[in-house]
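For clarity, chains are labelled A, B, C and D in written order, and residue numbers in each chain start from 1.
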Amino acid sequence: MVNDEERFRDGDFVLLVPLFKTKKEIRFVIKLKSGQVFHSKFGVIQHDGIIGKYYGSVISSHLNYNFIALPAKLHEIVQNYKDFKFITQIIYPRDWATICVFADIKKGDKIIEIGTGTGAFLSYLVRTVGSSGFVYSYEKDVERAKIAKRNLDELGIREGYVIKVRDVIKEGVDERNVDVVFIDLPEPWLVIKKAWCSLRPGGRIVVYIPTFNQLEKTVMELMRHGFIDIKVKEGFLRNIQVKPYAIRPELKGYYFSAYIVFARKSFVIPLSYVEDLVKHAYLGEKIEYK
Amino acid sequence: MVNDEERFRDGDFVLLVPLFKTKKEIRFVIKLKSGQVFHSKFGVIQHDGIIGKYYGSVISSHLNYNFIALPAKLHEIVQNYKDFKFITQIIYPRDWATICVFADIKKGDKIIEIGTGTGAFLSYLVRTVGSSGFVYSYEKDVERAKIAKRNLDELGIREGYVIKVRDVIKEGVDERNVDVVFIDLPEPWLVIKKAWCSLRPGGRIVVYIPTFNQLEKTVMELMRHGFIDIKVKEGFLRNIQVKPYAIRPELKGYYFSAYIVFARKSFVIPLSYVEDLVKHAYLGEKIEYK
Amino acid sequence: MVNDEERFRDGDFVLLVPLFKTKKEIRFVIKLKSGQVFHSKFGVIQHDGIIGKYYGSVISSHLNYNFIALPAKLHEIVQNYKDFKFITQIIYPRDWATICVFADIKKGDKIIEIGTGTGAFLSYLVRTVGSSGFVYSYEKDVERAKIAKRNLDELGIREGYVIKVRDVIKEGVDERNVDVVFIDLPEPWLVIKKAWCSLRPGGRIVVYIPTFNQLEKTVMELMRHGFIDIKVKEGFLRNIQVKPYAIRPELKGYYFSAYIVFARKSFVIPLSYVEDLVKHAYLGEKIEYK
Amino acid sequence: MVNDEERFRDGDFVLLVPLFKTKKEIRFVIKLKSGQVFHSKFGVIQHDGIIGKYYGSVISSHLNYNFIALPAKLHEIVQNYKDFKFITQIIYPRDWATICVFADIKKGDKIIEIGTGTGAFLSYLVRTVGSSGFVYSYEKDVERAKIAKRNLDELGIREGYVIKVRDVIKEGVDERNVDVVFIDLPEPWLVIKKAWCSLRPGGRIVVYIPTFNQLEKTVMELMRHGFIDIKVKEGFLRNIQVKPYAIRPELKGYYFSAYIVFARKSFVIPLSYVEDLVKHAYLGEKIEYK
């Protein structure tokens, strides 16, 4: 039943899962390159000792530590592969999913990403929209853009996207009529209007917001600029301890990542939004006075 | 900039977002069919009054209630379209995402789903694996299978999957060497071995578990049958109130859906798993005695 | 073993727990008064039929619905007794506890509460500080103050506190050298300075904050006014479904109540706070400019 | 305004809050003893340099590191004072509160604690029930009991409780007609019956349960033994980052402590519980067969 498609080949990403006990969870991700060698404190592993082996094989280091070798998942590569360089806080994989489901991101979508950063989410977006879609990613910092490009190259993702070096706040974007605009900037409210212009009617906007402070301004800008159906979600994932005699959530872990704002491009401002904005202005003034 | 692709056509799913205030959030999803009429307590809307309109247009009922019409997202259709019939608790959209990211479900994957249910997640899976992938979905109840089929027909999803009426616990599955097995059954531990056999080496398994009770048995069966890298996640999403003068999480909402178990097919049982199983057996015995 | 102290007496609060199945959870709280009658859709119960009965007795309505009668807990009385009138959103019982533990509220403490509201938390505070402590509660609205007073009368709490009708923002408080100041106002930042003056050295302040918007201003005011060890906590409680064959968290419930801010009175402003305030001012300016 | 009651005295617990920046949060708790010296990597502090100082004073180490000295809160002492020895996982302060509010633990209550452990929660219970209440705490391990006793001595808590060295599972408890039984054992279901016998009618039981596995058995035992109004709660507290320009929840922290089970002593078993137990038995059998 096992055929040649089930064997590791040069260029594949491999996840190594230790068969021995470790104090903290250890997962190595390596990219196979014939002739190369993987070093860790558990000893040396020849890449050529993995190439040609079936998925799920046991691989031993020269110190006789055993690992299971598996095809690595995208989120494992992004989080564990040494040559995928983190230059910014990435959009967490636990949020990739939430964004894609609730913004209905799918095959064929044309997407603008404002704030390339490390390129982790960009890689997921490119894979999701497929060959019939496209991702236009904007990054104002030249160095970051280079590293993000190199990161995607490392992943073997060479098509379906472009990274443009530009400060969108000052210079805007080129595309019109796109399906989705995704914003991950410290001051997202400054590009909401530009996002509106570049979206097709009914188009979807998503803003990734790490602090409370940014949320109010962003929501107000969306309300003012003809976005409707504004929704904000905050997700968290809890890991459960896998001990059959002591199953319980882990005691500690990530319990926050960001607020994720979703909305749709429209041509009107609902009365309720106007009222909310007026109420905000009034309350603001009242507060200033005191 | 707006072209003909931005207009509603016969057969499209439309989301109607009210422009007036409502006590509870209201979202209607309708499927356009020339000559038909949509009734609600806010009055009557002719489908022909929407067909041909641009996305994001304002639509009025005969009682002069105004709505924005938008192309509906998949999760909105599944949750709001009247002819998508719920016969079981569905896998929640907030979990679709988590499953697909952490099981790395993507274009081209061959997937077995055990427990079709209503077919909601099936529709998302079919869309995700695309035309180069395939989903084999098993359902033991004939009536459910029929309704699920009709649900996917309603969504316009006619290819890329098959629903087989069969009790997998008794009769197993036909496919071998698939990439992913997804299980949503009350007694998932009874099909773990069958899932192992049908997966390709390194293949991914996901089990969706709504109660504590089922979790221990499932994890133990995975440990016993050569699955490794077992991880369990529990996710929840909190909605944030969108009032610019009073931004805060909603007070009430969904705070649980299910435990989601992820693992990979391997050919060995790690020593740590054996120890855990032994410890469980010992503790179990000790407890029984008292 | 059961003695006369275990029997219901006139004036006691009784919790009635139905012994029959109900679709939604039902808990009645009544205050026993000889000669009175309790009406519900499950029939009539004579108070005199409960007075003199042992705690835990079965009580039947005239329609033969059975209930267990138990001494009611404080939080049950506050949330279920009809004559405890809600005029504002109360501090939730799930937060009473968090506040008291992390502000170390205990027997003997002198406490100022700014914003009496309904008086629910006041009742818990009075009970917690006991006869050697005291709670000075300020409420600017005369009507509210009256109702809160009546609520505490209903609970039988007649000593250990005073409700003063006053707008603290304008007129300040009378007490000095108190142990704790608790603030539950829409604009808490306006009384931070007054709170500082009324606290003893090292005294504890707690601010209850329902929205994001209020949090930033409050934290900044605390930093500016010589409060240190500032901590903010957000708690939530999840209810677990009690079905031995299907134990799992409830699907829906309260998942937010408020942000709770804790700090201590000091005479200095730590350098790190100054830096944070400067950084905030700078970022604010930068943002305004654009 | 500051009087002699506001000065540190021999025997007081002091919380030292650094006025300088530290990478991780640092809080020292020391117990003042004239003539002693406190050492840390930030230098030496003479206890006599604190004794007599006002609360909230600045204290400098010989290396010129400055701290604010504050009266320490109970939960800070338990978690940070070196001579309070942890021998078991303690009941977390975040749970002390939940237990006391929802079990209505208050002045005057007589309480049995089964499983003294480190004695942290015992100290909070003793303080809460006050001089008119009492806590009977059972611990089967002699060494643990000694350390717990020493811990309470260290806190200066010498009255209002007793620690009895006994295996309650085998030998039961002495008291009858108590108000509350609190259980923190690995196999709590083995003492449910004994707890029922020792409670007064309507009495409250609380069981602290760290894993899923223990929950089902415990709930079933409560149902079988005449406990009603069974409720299970799981709490969690999220810390918010206190930076006025970047307010957001901390990214990582504790997101689980335990399941807390609450119930009341009754003399009947509600029909719904019987049905649940039968359903469980049936499902259990059905599952065993397959």
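As a working rule, a contact is a pair of C-beta atoms (placed from the backbone, for glycine too) under 8 Å apart; a residue touches a chain by one contact, two chains touch by 3 or more.
All of these numbers come straight from a predicted model, not from anything done at the bench.
Of the two chain pairs examined here, C-D and A-D, the one linked by more C-beta pairs in contact is C-D.
When chain B is laid over chain C using CA atoms, the rotation angle comes to 180 degrees (nearest 5).
Note on chain placement: the centre of chain A and the centre of chain D lie 40 Å apart, centres being C-alpha means. For the pair chain C and chain D, the distance between C-alpha centroids works out to 21 Å.
Of all residues in chain D, those touching 2 or more other chains are 212-213, 215-216, 236, 238, 245, 247, 249, listed in ascending order.
Under the stated contact rule, the graph of chain-to-chain touches is complete, every pair of chains being in contact.
On the side of chain B, the complex with chain A involves touching residues 1-3, 6, 15, 17, 19-21, 54-58, 68, 70-71, 73-75, 93-94, 96-104, 106-107, 124, 127, 130, 176-177, 200-202, 212, 215-216, 219-220, 223, 228-240, 242-245, 247, 249, 259, 264-268, 270-272, 276-277, 279-280, 283-284. Those residues of chain A lying in contact with chain C across their complex are 169, 187, 190, 212-213, 215-216, 287, 290. Taken together, the chain D residues at the contact with chain A in this complex read 210-213, 236, 238, 245-257.
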